[in-house]
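We call the chains A, B, C and D, going by the order they appear; numbering starts again at 1 in every chain.
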Amino acid sequence: MSIKAGIVGAAGFAGIELVRILTEHPTFELNVVTSDSLAGTPVTDLYPALLGHTDLAFEPHGLDALAECDAVFLAVPHTAAMSQVPALLEAGISVFDLSADYRLKDADVYERWYATRHTSPGLLEKAAFGLPELFASDLVRAAGERKAGHPALVACAGCYPTATSLAAAPAVRARLVSGTVIVDAVSGVTGAGKKATERTHFCFANESVEAYGVGTHRHTPEIEQILGLPGRIVFTPHLAPLNRGILSTVYLPLDAEHAKGSSIEDIHALYEGFYADDGFVQVLPIGSMPKTGSVAGSNSCHIGLALSQAGDMLIAVSAIDNLCKGAAGQAVQCANIVFGLPEATGLSASALPV
Amino acid sequence: MSIKAGIVGAAGFAGIELVRILTEHPTFELNVVTSDSLAGTPVTDLYPALLGHTDLAFEPHGLDALAECDAVFLAVPHTAAMSQVPALLEAGISVFDLSADYRLKDADVYERWYATRHTSPGLLEKAAFGLPELFASDLVRAAGERKAGHPALVACAGCYPTATSLAAAPAVRARLVSGTVIVDAVSGVTGAGKKATERTHFCFANESVEAYGVGTHRHTPEIEQILGLPGRIVFTPHLAPLNRGILSTVYLPLDAEHAKGSSIEDIHALYEGFYADDGFVQVLPIGSMPKTGSVAGSNSCHIGLALSQAGDMLIAVSAIDNLCKGAAGQAVQCANIVFGLPEATGLSASALPV
Amino acid sequence: MSIKAGIVGAAGFAGIELVRILTEHPTFELNVVTSDSLAGTPVTDLYPALLGHTDLAFEPHGLDALAECDAVFLAVPHTAAMSQVPALLEAGISVFDLSADYRLKDADVYERWYATRHTSPGLLEKAAFGLPELFASDLVRAAGERKAGHPALVACAGCYPTATSLAAAPAVRARLVSGTVIVDAVSGVTGAGKKATERTHFCFANESVEAYGVGTHRHTPEIEQILGLPGRIVFTPHLAPLNRGILSTVYLPLDAEHAKGSSIEDIHALYEGFYADDGFVQVLPIGSMPKTGSVAGSNSCHIGLALSQAGDMLIAVSAIDNLCKGAAGQAVQCANIVFGLPEATGLSASALPV
Amino acid sequence: MSIKAGIVGAAGFAGIELVRILTEHPTFELNVVTSDSLAGTPVTDLYPALLGHTDLAFEPHGLDALAECDAVFLAVPHTAAMSQVPALLEAGISVFDLSADYRLKDADVYERWYATRHTSPGLLEKAAFGLPELFASDLVRAAGERKAGHPALVACAGCYPTATSLAAAPAVRARLVSGTVIVDAVSGVTGAGKKATERTHFCFANESVEAYGVGTHRHTPEIEQILGLPGRIVFTPHLAPLNRGILSTVYLPLDAEHAKGSSIEDIHALYEGFYADDGFVQVLPIGSMPKTGSVAGSNSCHIGLALSQAGDMLIAVSAIDNLCKGAAGQAVQCANIVFGLPEATGLSASALPV
């Protein structure tokens, strides 16, 4: 079997990570990669790491180029995605959207945070949420529909929401958490995108850590939706001098009643059980904390757990690669499920050990 | 005027930063630097950056070498400091202790967190707390005593406590804060010390961010003492791949009554007023957040302020150089005050702009 | 088919890279990993990147543990290798030695540079030289012998020699080069090994470049032997602040007679022809120069070519990953050949594009 | 005494380093900083490291703004400098030009390498060459002329030429060198300038080393002119992932006759003598090699020396900070001399020891 795939916006960082994964994927066959600004340029001119791995050149955006595809991955900014999704679906093509356009179920919330009117709100309900460990049934449903001839639309979760929600969900879903949840996260510079700016200039990013988007980052409502904690997330992202990786430190106040008497061992066991069937998630032993370097280049998520001194707050720390599990890897994981493949197909590489 | 100075433990990272500052200081005259393990070695063999700036060699520890000093800076681990302080004071030498030994006013708290009995608890009350922007009167008192012939003992604040308390104190002291304060901080690798270990190996620290000491870090009680918030600090330190710098992101729940109606502009004005006379602290304009790179190598602290979406939490972010304002620079600032010099003497250099 | 494999010295950086590659290899089955100092420790305690990829724990060194192996990879220091090789071969086990012990064909040269007497000089002639692109026939012979029941001994080339020789060999073998060849190379810090030292401390290696082993590095005679240029190599290695990668800039004076009239296009065509069948080597277009980042984590070698202003010197620049093509990857490539597999088996991953 | 100074092109990396140095300088008084693209912006908006150190805002370029200056530093690209120098000199203002416009004494060589006609070739002879350790008499002459009422024009040496020439000059001037000299140098990313490009993007520069401008870099003729070795320099620059620093490894073939019998001790003594009166140059002991990290942020140059195995080639390695001794610091050093101050005024800070 071979599934024909295309990537829209393949020259960006999430896009090229999709190229990397799909060129090695045993079942997906990558036929089209698009980039308006770089149309005509061989992929390897821009990314020589892929020399010997792909001969594709970037093509201009447009439905024509994608007509033969079974699956299209959208790695374009928000609003650019929703301008293309309806036509792709109508053409019978399953869409894996890495943008924010179909993540928020409420079009009003989208409009408030993204300052733009949603142009296809009718698709919001259809869209499966692309975070397999937490929304498996969404993807199972999409897989069924696709088998029945209806193309899938998967709204892949954002990078910070993925890291944060995997750290928080087992405790939240077990109703152990009350009050406001603080999320303090650090990202590598690939998270700031391929555009050369002052923020991404080596000499400004290097040897420095900074906070940004304090109190205003658009991943806030997404985390609230995933965890079912409307208005209860305070989220502060930071930038650190590394290429790949997100570390999310999540402060979960324990509910005085439901979590009464819960030891760290109890909570650790809860997490291990929660993720027992999820090959990409590793709950570290009590006493260990994750490092982003241990997951860079992989689709893994490592989670560490500790209690505060007073014992009334769970501190859950997770590490992912923002471009892989936080973007391209997760999209391929979703596509594997939707197309009936084992979810780890083409995603089994570990991070470099050092 | 020339003030004779010595540094005990000068080969470590805080120690060598003291050497750097004192060799350029116009009034302090650095005569003795000690290191037991490196006795006999010229300072510049280990730190060639100081070639042409000092001809000193490390001497073995011991009171004899320090007998001629007016001031001694202790850059040794906790317990090693308190084993030397009483004798130094008896010899009439003022002591600026960078260790934790005299920071905590309650010997029981010290014993609980440092797992050792304090050997000179009688000196805890005498010790001035070395964080001039918040404990000016302590240092003024010590200066007066020194002038009257009594050597000073200054317990210089720790690196995380300095960054965190400068970010939090104006709001806390104005009684705007209630409930638990979460402190999420990131340090460069100099914070892990000069010892070559797996944690400090380039290849393990590079390209990675990690949390450590979660729920157990010894700076927790120090922050609680400084801010007067016993049992109300949850503190998580992280390690990021840079040499120097601490960024502390402090989440301060606003008191429903006292902070009622406080806008970010109000709070910003409060901070500007609080630090109006403190040349080392810069409160950034609303909308700006600090970067550690902007303070590395300097004694400055940059502070940025924002409110949470809901408006009920102040997010105060501060950046310092952990070795300078967080250790050696602050110690010299304290020594300047104690010896009657302008506090910025020898500390006026800015960070490199890029 | 499954080939049972063991790794001696698996806790070091080359060793753990072998673990990474062999745990994903479709044919080799990794059964034993040894480390004397870490015996009993699970691999993933030290290298959490491999969580979910291996359950092995380090075992103590010793022939017993390896008795069932078909192939053993030695990732131990020089002299430690030659103390084990004869017994392994006698036990019928093929050996892939990543140390320097069997690389130099002349035991006297070995003794001069390594300051130790060779204990099995009789094996030097038997040893195949493990640099497949330049010594294919050696490996073909070893494969034949192995098939005939005689275990192979492969002396895998060193990291700097691999990068340098791949850059220089086409020109040297075409007799275009005369006089002294200068090799100026830069390595990432993994090249300095896993041992925590002052040199490998993050804070000393970060934000700095330095030369080391100037005029005395032991890879000099190895490069001279590979290229057949005795006494004609001047080699200077440098250390740069990155984990993985070697960039070797090789200055090849063109022979006035043999290279007369050779344009850069001629030489580029020569290189492309030379490596036409070598899937791991990419000769970049004229005008492009390699970056180590484009090969990190892969078994690739990228080569760029230019002439000096005067046109009488070829400047050939190559990039490899010192731990992969410069060590573990190359060893597996050799083992693939010796065991009759396609040479790229288990080695097809590209570097991360960003 | 106070000398009024202005900086043209102050927003770039060399420009802002001039700002940093001159704001702390005891004699120069920085009154004007210009930047066409950023006119009106406070310096500290762009470079918050200077908060509390300067209140200047960038002004648009133009002679009017500079009319009151005694000295102007030009930190603009080549051709932009020569368009302003004649008018500045006519206005009686001494000029310290950091561009390449007045470095090459031969206008034809300039035209060949910079592909543009020189518009004031008559000034080339007047221009003092700004590399004090090697062209002291030039600067003494300029100082005399300025005292006599004639404004000085100093063409400050480039970054690579400074590092390289300081490493090579003592041997070259002693006629120990024959044949072609190979210069293999590595620069930090500030050397690539402030412009945000693909090359300077953090994610492309980080974790990678690359060669660039191979055989074509414009600093080649400048090095040849300084050393008096026309057509005898082969120069290859590289980029490494650090902010500041150049390491230049210079391969100097020893002349069979003049250098006959010269030991490394002889050559080391020659270098020590050569630089005996130059406070910014440190010749390291035999066996030590320089690190760029030991000079970053300072005006120092560290030099290490070794012989090749065969003893017929001197390998001289030098480290400087490309923005300081390689640009802004050296310009201020020249200005100090021209205005009759001790050359180290305002330049005495060491690099950070770690």
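We adopt the following convention: a contact is a pair of C-beta atoms (placed from the backbone, for glycine too) under 8 Å apart; a residue touches a chain by one contact, two chains touch by 3 or more.
Since the structure is predicted, the reported quantities are computational estimates derived from the model, not experimental observations.
Student: Is the C-beta contact count larger for C-D or for A-D?
Tutor: More contacting C-beta pairs are found at C-D.
Student: If you average the CA coordinates per chain, which chain's centre is most distant from that of chain C?
Tutor: B
Student: Rounded to a whole Å, what is the gap between the Cα centroids of chain C and chain D?
Tutor: Computed value for the inter-centroid distance: 39 Å.
Student: Distance-wise, how many Å sit between the C-alpha centres of chain A and chain D, to the nearest whole number?
Tutor: For chain A versus chain D, the centre distance works out to 47 Å.
Student: Can you list every residue of chain D that touches 2 or more other chains, as numbers and ranges?
Tutor: 13, 190, 194, 203, 206-207, 241-244, 290-291, 293-294, 296, 354
Student: Would you mind writing out the residues of chain C in touch with chain D in their complex?
Tutor: On the chain C side, the touching residues are 180, 182, 184, 186, 203-204, 206-212, 214-216, 220, 231, 234, 236, 238, 240-245, 247, 249, 251, 253, 289-294, 296, 304, 306-310, 313, 315, 317, 319, 354.
Student: Give every residue of chain A touching chain D within the complex, in rising order.
Tutor: Result: residues 13, 189-190, 194, 196-198, 200-203, 205-207, 241-243 of chain A touch chain D.
Student: Quick check: in the complex, which residue numbers of chain A touch chain C?
Tutor: Per the touch definition, chain A meets chain C at residues 13, 16-17, 19-20, 23-24, 47-53, 190, 194, 207, 243-244, 279-280, 282, 284, 288, 290-291, 293-298, 300, 302, 323, 348-354.
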